[in-house]
Amino acid sequence: MSFNTFGHLFRVTTWGESHGPALGATVDGVPPGVPVSEDELQLWMDKRKPGQNRYTTQRQEADLVRILSGTFEGQTTGTPVQLMIENTDQRSKDYGDIAQKFRPGHADITYWQKYGIRDYRGGGRSSARETAARVAAGGIARAALKVLAPQVEIVGYMTQIGPYGIERTRFDWGQINENPFWCPDATAAEEWAGYMDKLRKSGNSVGAIIEVVARNVPAGLGAPIYAKLDTDLAAAMISINAVKGVEIGEGMNAACLTGEENADEIFLGNDGQPVYSSNHAGGILGGISTGQDVVVRFAVKPTSSILKTRQTITKTGEAAEIITKGRHDPCVGIRAVPVGEAMMACVILDHILLQRGHIGGAVGETRGRIG
Amino acid sequence: MSFNTFGHLFRVTTWGESHGPALGATVDGVPPGVPVSEDELQLWMDKRKPGQNRYTTQRQEADLVRILSGTFEGQTTGTPVQLMIENTDQRSKDYGDIAQKFRPGHADITYWQKYGIRDYRGGGRSSARETAARVAAGGIARAALKVLAPQVEIVGYMTQIGPYGIERTRFDWGQINENPFWCPDATAAEEWAGYMDKLRKSGNSVGAIIEVVARNVPAGLGAPIYAKLDTDLAAAMISINAVKGVEIGEGMNAACLTGEENADEIFLGNDGQPVYSSNHAGGILGGISTGQDVVVRFAVKPTSSILKTRQTITKTGEAAEIITKGRHDPCVGIRAVPVGEAMMACVILDHILLQRGHIGGAVGETRGRIG
Amino acid sequence: MSFNTFGHLFRVTTWGESHGPALGATVDGVPPGVPVSEDELQLWMDKRKPGQNRYTTQRQEADLVRILSGTFEGQTTGTPVQLMIENTDQRSKDYGDIAQKFRPGHADITYWQKYGIRDYRGGGRSSARETAARVAAGGIARAALKVLAPQVEIVGYMTQIGPYGIERTRFDWGQINENPFWCPDATAAEEWAGYMDKLRKSGNSVGAIIEVVARNVPAGLGAPIYAKLDTDLAAAMISINAVKGVEIGEGMNAACLTGEENADEIFLGNDGQPVYSSNHAGGILGGISTGQDVVVRFAVKPTSSILKTRQTITKTGEAAEIITKGRHDPCVGIRAVPVGEAMMACVILDHILLQRGHIGGAVGETRGRIG
Amino acid sequence: MSFNTFGHLFRVTTWGESHGPALGATVDGVPPGVPVSEDELQLWMDKRKPGQNRYTTQRQEADLVRILSGTFEGQTTGTPVQLMIENTDQRSKDYGDIAQKFRPGHADITYWQKYGIRDYRGGGRSSARETAARVAAGGIARAALKVLAPQVEIVGYMTQIGPYGIERTRFDWGQINENPFWCPDATAAEEWAGYMDKLRKSGNSVGAIIEVVARNVPAGLGAPIYAKLDTDLAAAMISINAVKGVEIGEGMNAACLTGEENADEIFLGNDGQPVYSSNHAGGILGGISTGQDVVVRFAVKPTSSILKTRQTITKTGEAAEIITKGRHDPCVGIRAVPVGEAMMACVILDHILLQRGHIGGAVGETRGRIG
């Protein structure tokens, strides 16, 4: 990963600020012959779009994505796909009174220190609007996966909001799209709604945990040592705004387990192929996919823009108080769900391309066979 | 990061297997004029070396590092530094009976599936011996930091072993080198010793959490969006063998906090420069260092090689039982401490070079000034 | 260099096709605080713009460049600069009759074989329109050089068109902008005009040689072995459409020289710094700039689209004849001059950033001093 | 290409100096299951080895290559292959009297300026000994090509030495191994022998042109725009020590041709696949291979170390005279032939891997079919 680009063969470079004319992604390494359309991409964009319910920012952005290059007659050509999203609801004035003050918990102060530039219009490049470009790029990755590995399914959902986690025994895939939190536990979703209503009214915000699962990922993806599938997934997720932790499988909890508890035992399935007694590994051993579900989890910190008075300083070195008005997500984690899915799609596709480049064979085929 | 290389300007490529003639690191992008010696590197190697106490593997490796290139008259020349560590205590016979079976929790099965090669001599490239090369490379990074940013201090320690965490109120920097666990809490260290003795005798293993802190890191390091300091640190840490989770500052716990609790307030220090009320951010905002301590934490899963009977399968597709004898670390997390420090050193140095390349100015100088 | 990106720290990714809605460049690694404006970039664009005289294609393109990101209040912010150029005069119908046939000397057949896509609308991604994006990116590089190394001057010119070369004794910097060929030899320029008029009327085309010189480049740029300044310059130039050869200093002619003739002798200048008796080396020794003029030369093949009947085949495997009507440059080399300059600017800037990243010091300062 | 690494998926990093303990190459991205042996690599090493006849340096180096990693039971494992060549005949004393003086035409002065280090022991990293590592890496590439694309043949030869070129009508593949110049024209080889004998005795040196051809390269290799096959080949060749110019197909001569002369007409072969009337393009159109012979040519400047008195300066800024005694190649171009072949092998293999990664399909299969 270098600066504003991630990926090895499927390479995504995002560009743009929250308050410039547009932002987008330059997507290189897209395989040719993949059917894509702006309409199909828009479905993913709409999942992330602000203003869809009372738990997300009320900024109104159509987030319409345009394909400027890399397709011909509805198919990718193998050349770079440029995806552009125009900014339409910028209201810089909302941010006027923070031009001189650094918002605590924001990148204002570090961007100022690093670049000597204070783009006060809403965070500039550090704004979570950048994630719109990721979702667009993820749409391209999904379209390519549909052709190359149609069995792969990628689903993200929230597992915790503030102190309230889901109950795994109530986990229901069917619930994820049925509530504003992408929550697989209907009971928790109700609990969260009540909690969030209070929180929002108090002008406060809260963190969250998102889990993204990729199912039916072929065994063999991932290239040790520094392009392990888990390394690339962790980097992809923690590069998302406000993410402070990332886990594969058992994650931090692996510390508490013994070897006997943790190592997934291996059995033979009816097809003579390996099945595992459990998935503590999150579908990855030695940086390479096992064929089990690939499970990644990440924590999103609470939005730092809150309606609470906070202590800060100004560019000119004076103490100050700040309340960030504007229009903000009380839990930015909610809109991080489709972003996490997009990053998963990009990483999986990238590793499918790497795998067939380095090792060869059809997608999903393993070079070493069992039995 | 690509395959066996990490870093942008300071680039480390590791190579070698646990049971081949040697392993090492090719370190490119080292600034010229840095005093280095094999003796100095050896100090770091010795921290990671196996067989130093009863809580680590009894494999005997001198882990002598040789500098084959890139220095002249005791200083780096600016050209690639080749670091070679010969393998001396290989005892392949210990591994003989696992040649056909896949060890649960190990990379055996995924390497076989991916590469169609079964290097049964102890994990081959997936062995944690690879981390010796990281420690050697980290020694070069430390030597360069001593010249470029001598104020930077990097210290790693364990904060949890199995279910037993340290008590933060008992945290004592002076204790870290006083016990075999690099534990900053003397009471916890004693508790751990008792726990580990029992565990070792039972033939089981356990996971751990390591925290690595870099102090006095200049503000302004890190390049959004996909070369954020936290992204690169997370990738560096999770690329270490057996790491399943990584956290910056509050980490996964950020999910539980409100915005009011989480955002570190900013004040003016006596020198007119920012000081923070707290460090939930782990020293990084928007991917860029704030000047506070950079705090990274990672979980290491329990060693999968244990003296317990486990179910597995063979290459030829038959069910089998396995007990992994050999000489293994009951808690591989202990020896991950110097590895985490080495990765921190490499990432910090790399970002110092990137910063002066992209932005210019002396090391530690910020382009945007406060006051 | 990887796919559609070049550069190390100053990284340019171009995108877009000749007949899509737009094309452009994503420019990453731009130092912050560089004044840039669309008007200033336009000056460079206009040098390359088609239809300016009777020796270039009559396609009418305003080639207006828009800055979509990476600037704030007229200065770069340090984040990616997106440069977009809309295509306005596309006339796909001109290309209608070649949809099934492969034009000899064009990328039609290889793109078809590689991608299985035949974008018949004028070459798609392989069109020389891509070079507009390079010129825009080069404008950003020039703006940055103006701040970082204002003494650097970059000038390109033609030295040969078909069999007619310039006479070095008549070389006059002042003539370069005075004729439609960027020719430094007024006599040759007249000769070329007569030759080109005949050639154009006959429907044929011709090749050319372009020389690009960078003056006052600081000593010390270039990073051996695979990021030598000459390696990067050669790669940059030969990546331009239709370039078939590239030379540094003496170039291919170095084969004919003896060591005594070729090695530039070194003397002391009045300032105690090295001066050279000659510049056979083209300003680069061991991949590193000497401080002399950096001299690169490249040959552009004749435009393959000509009004002559040529033998070819069709996609369906039939023999066919083809005449390429459309609007084409009789000597595409002419418009390659500003493209070569742009590439030189990008490479020099990139190496200035690399140099201060890897070695440190102010721009232009050398670490090793003489005297 | 970045610093000491080249290649996209097949990545070679070289390290080492002429007078350190060893030098070598770290080869990453090698496909698994490729049979390799030190003996087989040695055959290529021996082609480049010094001291084989009176036209090359009399330095005696066995140039024995050791494989330190990345193989198991005689096959590559898919992990990095470390190739080490120990330096045995270093005789630093030969260089003693040049420790203070910069040799004209050498990298001494620029390395000093850049790095502030003067490794006077024979050029250090800038020595042509570095090319031994390329040849070793090329041997790995050749071994992989033998498995993946066994029909590919790579042959290099000299076409010019000083002012004496070969006569194409006398070209005979069978002659190349029959004379000390890898010359395909027996008559020219005799002429060269006489010329070189005189030159050597006079203490002078001379330049040369080398041509490298890859035959039976599948159509479709190369990834526009900045990873064109010609871009990567040009960069690979010009990165070789002393190379000052590089050409694809017609090369610089393309400037002299008209479009009618230059564009290779396309016909149908008996197998219904394209055949070309000529190969002005050097087997590459739009950066992508056509299936014709890939033809690259490069000029090597004369060795700068000659037994002639030359003017120079010292580190301390004094005028001086220098005669470079030591043991030098009177025409370093001779030993550049196997180096050029090695670079061709690396680039072709890399693009085969890229092609199957990005596009898929079996090696040699094209996605777009004709007929």
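Letters A, B, C and D mark the chains in the order given here, with residues in each chain numbered from 1 onward.
Quick note on the criterion: a contact is a pair of C-beta atoms (placed from the backbone, for glycine too) under 8 Å apart; a residue touches a chain by one contact, two chains touch by 3 or more.
Since this is a predicted model, take the numbers as computed values, not measurements.
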Can you check which chain pair, C-D or B-C, has more C-beta pairs in contact?
C-D
C-D, A-D or A-C checked against A-B; over half of contact pairs coincide for C-D
Per the C-alpha means, the centres of chain B and chain C lie apart by a whole-Å value of 44
Roughly how far is chain B from chain D, centre to centre by C-alpha average, rounded to an integer in Å?
38
Centroid distance [mean C-alpha coordinates] between chain D and chain C, Å:
25
Which residues of chain B are in contact with two or more other chains?
2-5, 14, 29, 32-33, 78-79, 114-117, 125, 224, 359, 367
If we count contacts the way the header does, which residues on chain C are in touch with chain B in the complex?
9, 29, 31-33, 78-79, 148, 224, 353-354, 356-360, 363, 367
Which residues of chain B touch chain A in the complex?
1-6, 8, 14, 102-107, 109-118, 125-126, 130, 160-163, 199, 204-209, 219-220, 222-228, 230-232, 234-235, 238-239, 244-268, 272, 274, 277, 280-282, 284-290, 297, 299-306, 308, 310-313, 315-319, 333, 355, 359, 366-371
Of chain D, residues touching chain B in the complex:
2-5, 11, 13-17, 20-24, 26, 28-29, 32-33, 66, 68-70, 72, 75, 77-82, 84, 114-117, 119, 124-125
